[in-house]
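So, here come the structures, one by one.
There are two complexes below, and they share subunit A, which is joined by subunit B in the first and by subunit C in the second.
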Partner chain A sequence: MSDRSVNDGSTDDGTVNGGTVSDGSSNEIIQEVTDFLTAALRRPVGPDDDYFALGLADSLFALELVTFVESRFSLTVEVEDLDLDSFRTANRITRFVQRKTGTPEFTEASPEFTETP
Partner chain B sequence: MNGAAEGAERPGRPDAPEGESSPVAAAARFAVDVRARAAEWDREGRLPTSVRKEVAAAGLLAPDLPVRYGGSEITPSQLGAICAHLGGVCSALRGLVTVQGMVAAALNRWGTREQRAQWLHRLAGGELIAGFAATEEAAGSALSAVRTRIEDAGDGEHVTVTGRKRWITFGQVAQVFLVLGQDQGKPAAVLVEADREGVSTQPVSGQLGMRAAQIAHIGLDSVRVPRRNLVAPAGLGLSHVAATALDHGRFTVAWGCVGMAEACVEDATVHAAARMQGEVALADHQSVRSLLARAAVETAGARELACRAAEFRAGGAQRGVTETIVAKYAAAAAAASASRDAVQILGSAGCEPDSRAGRHFRDAKVMEIIEGAQQVAEQHIAEALLRRYAAPRPAARSERVPS
Partner chain C sequence: MTPQVAENGAFPVAVRSAAWYLPERELPVPGLPELGSLGESERRTCLALGVETVRADDGLSSADLAEGAAREALEKAGVTARDLGALIVVEPRAPETLLSSEATRLQHLLGADQAITFTVGGLGCVSITPALMAARGLMCADGDLGDVLVVHGSKPVATGRYRHPVTVNGDGGQALLLSRRGPVRLLDIVQETNGAHWDLFHVKYRDRPTDEWQEECRDPSTYSFRLAMETRGRMSALLSGLLERNGLKQGDVRGYVSQNLSMAGFTFSEESLGIEIMSVCRENLRRHGHLGPNDVFLNLYTAIERGELAEGDRAVLINVSPVAAWSALLAEIGPQETAA
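Here is the complex of A and B:
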């Protein structure tokens, strides 16, 4: 899936590598997440695109997304974590992963970031 | 067993190396013991209470649950083998294992620690029989259309559940239902005990198949249920709770169908070898051999796909969702065609009231409809293909939320 054009260019470092364990940097996580989303939804997905609101997600997608996040980042999504809002955009998933794995320094990979106070 | 056991004996075959005390061996023995009684259960439209208790005592209810919740922590392959053994003699019996497993899987995955502690032991021990109450008049394959309402009762501690559920397997005897509804427009799941005021059951009889599965339509009339019975936050009742249950259900149905198809191939072959017409055995007709060969190959293919799904599932929770859909699709089709051909070869014997092939023929048709009809499975399988091989579509109209 890493051969796909991923998003609107707002994530940039190009360190995607689908076969290795992430070192936890937010850019790497968000790249992997947007790669997964783009492949699963068959559309380019930007870091703040709400694919549930866009109606792109089919009935099995939500479970697949949880499974992807669990297996790729070696964590367990508990029911206590199960807030749809944590999973509605790539940026939010990235924050969720960092919260669960305790990796620091989340930097927004959002084009709006500079425009938002 | 998983990928590492490639080439080893597949569980579920009569010669599979299983310890005497394993749940798989127990299922094999159980299937042999009840084989002669299944036709009677079908005719009478019920599994005797004692049989449900024996199934529980043999450790065949939710045996894949963790040991700490009363399960045996068996592998997906072992669970599959159990369902093949039971499905080969009685689909209703396999259905009992399926439904209990679906509700247990959903609670194990998405229940809170307290909910797991409260419910799972009792499900695994058979102290409680569970029903999965999703289907409604206007919501079959498209479960997002469910209209059952889950509403705040106003006291901060309860919700009320109102709606009508249909075709609930073992709904006549289930003591608790996992109900799919809408909570303020969001899909939500809630456990409703059958003895609560406002719960009514309407037994269904004479339906095409699964006649011993004690199916019922369930009425829920402003049933007050404590909030602690809500499973997962509102919004996730369908995409997570029901989806986990249905994924588990498809897996056990797939294996049940493998058992049905194998039983039909066996019955048809035995009959074809023994039955003489005009001094020629049926098995000496090329056309009969052709039917047998096709059924045998389709059945063997279904078993391999079910094994493949089991291997994927051994990788962890929710792995192998698509592989399970493929297996269920293939196995339901194999059971339907093998049972059809078995009835054809058996002739009048296949049409007798207590014919095993005839019963499997009726039950197999149901398997092509439940837990996602064949056409729904095709949609998903094709979608997975498109993801893999087709180029992404253009970017969607942007709808962004602040992160």
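Here is the complex of A and C:
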């Protein structure tokens, strides 16, 4: 399991944020995912960009994306996890990663990431 | 005669002879008539599939293609159609007429009067797998049954040959003459299906003229994500299970061949399964496009002809259909001089 998936209530710099992972942790996941997406799709990708709806995704991209999420966040995407809504945007992937790794939902400190699918 | 059943319960059959019938006319993909009516994105996708040409002849029906291949396979083996124990027709994508029988049509064309004759299908390009299973079952059930001929004529349903975003369909017939002994032994077969995707790809026809028939994907995102990732899991499990129950490891397999859909499709199979697809697959894709249920054996025999598979080698034939269906077949190459 990666460092970011450990729910010890502290941020990477060691600060504690009310017993939950700080918004910095969520933001770091989002940043990593958007960086990956931007590189894989060869164009800037925002946290709420739906690259499937934009017609940018094919099977090879899906494989790269799921493989990246599995290896980077040390989790396994099972058949029952294959809901496209969990993978449409960087924000949704972040929520999926947090759900799979047991880290809490987005904190109030990052309202831009509190929307639900 | 008592059937010889292997320790793992499998009943091996062999391909005694195989033949393909491809129309002479070659159609360059950039010249496909439907390209002009496609949007820019679809057109780009079509041209990036890696299919350069397909064989196409609108004057040849699916039955014509199957018949041409069947006659050559029988001739190669020195077998007459009258001696066949069974004739199994892998159903055409669309019958020439409704209510009639494409299977007995071929029986009549070939003169396979004594053959148990029927059609198998429903799984797209994976339909070759249940056809082989049916043949194996017949041969296992009746030790006196003569050879079984499995045939298919592959033609697209619609006027257009491009199936967005998957492949370009070519024309071609295939015939496999199955026997208890032969130069290519089919050691084991596994197959799975998921009915949730039964109409992911479809052609609507009841309310429109034939020139408006079109291969459509109900949900491209389901195809490129859900089905793709399900394929990764299903095929990995099928492959490992197939090898394990035959006491083999991945290194015991000399080559993997798959159906020919696109260059990206081969890469997907390689990356998702951790295998290398034999180069003949990419070459056949470039030259012939997708030939449905005929792809995997065409690829296998191309590799054998080129000496890339030799006596004693084992190969695995991987087939995936967006229906959705998955299958893996373990084959062993024997001495090729016994083919005739």
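Definition applied: the second predicted complex is superposed on the first by the 81 of 117 C-alpha atoms of A that agree within 3 Å, B and C clash if a C-alpha of one lies under 4 Å from a C-alpha of the other, contacts with A are read in each partner's own complex, and residues count from 1 in each chain.
Basically, a residue touches a chain if its C-beta (ideal position, glycine included) is under 8 Å from a C-beta of that chain, and two chains touch if they have at least 3 such contacts.
This structure is a prediction, so every number in the text was calculated from the model and none was measured.
Clashing of subunit B with subunit C is the outcome of superposition onto subunit A.
Subunit A has more of its residues touched by B than by the other of subunit B and subunit C. In the superposition on chain A, A:Leu84 makes contact with both subunit B and subunit C. Of the two partner chains placed by superposition, subunit B and subunit C are both touched by A:Ala62. Looking at the shared chain after the overlay, A:Arg42 reaches subunit B, while subunit C stays out of its contact range.
Clashing C-alpha atoms with subunit C appear in a single stretch of subunit B, chosen from 8-16, 296-304, 368-376 or 386-394: 368-376.
Looking at subunit A, you'll find residues 53, 57-63, 66-67, 79, 82-84 touch subunit B in one structure and subunit C in the other.
On the subunit A side of its complex with subunit C, the touching residues are 52-53, 55, 57-63, 66-67, 77-79, 82-84, 87. Against subunit B, the residues of subunit A that register as touching in their complex are 4-5, 8, 38-40, 42-44, 46-51, 53-54, 56-64, 66-67, 70-71, 79-80, 82-84, 88-89, 91-92, 95, 108, 110, 112, 116. Within the complex formed with subunit A, the residues of subunit C that make contact are 41, 165, 220-226, 228-230, 232-233, 264-265, 267-268, 271-272.
The part of subunit B that touches subunit A in the complex is made up of residues 110-112, 143-144, 232-233, 235-236, 238-240, 243-244, 247, 315-319, 321-322, 380, 383, 386-387, 390, 392-403.
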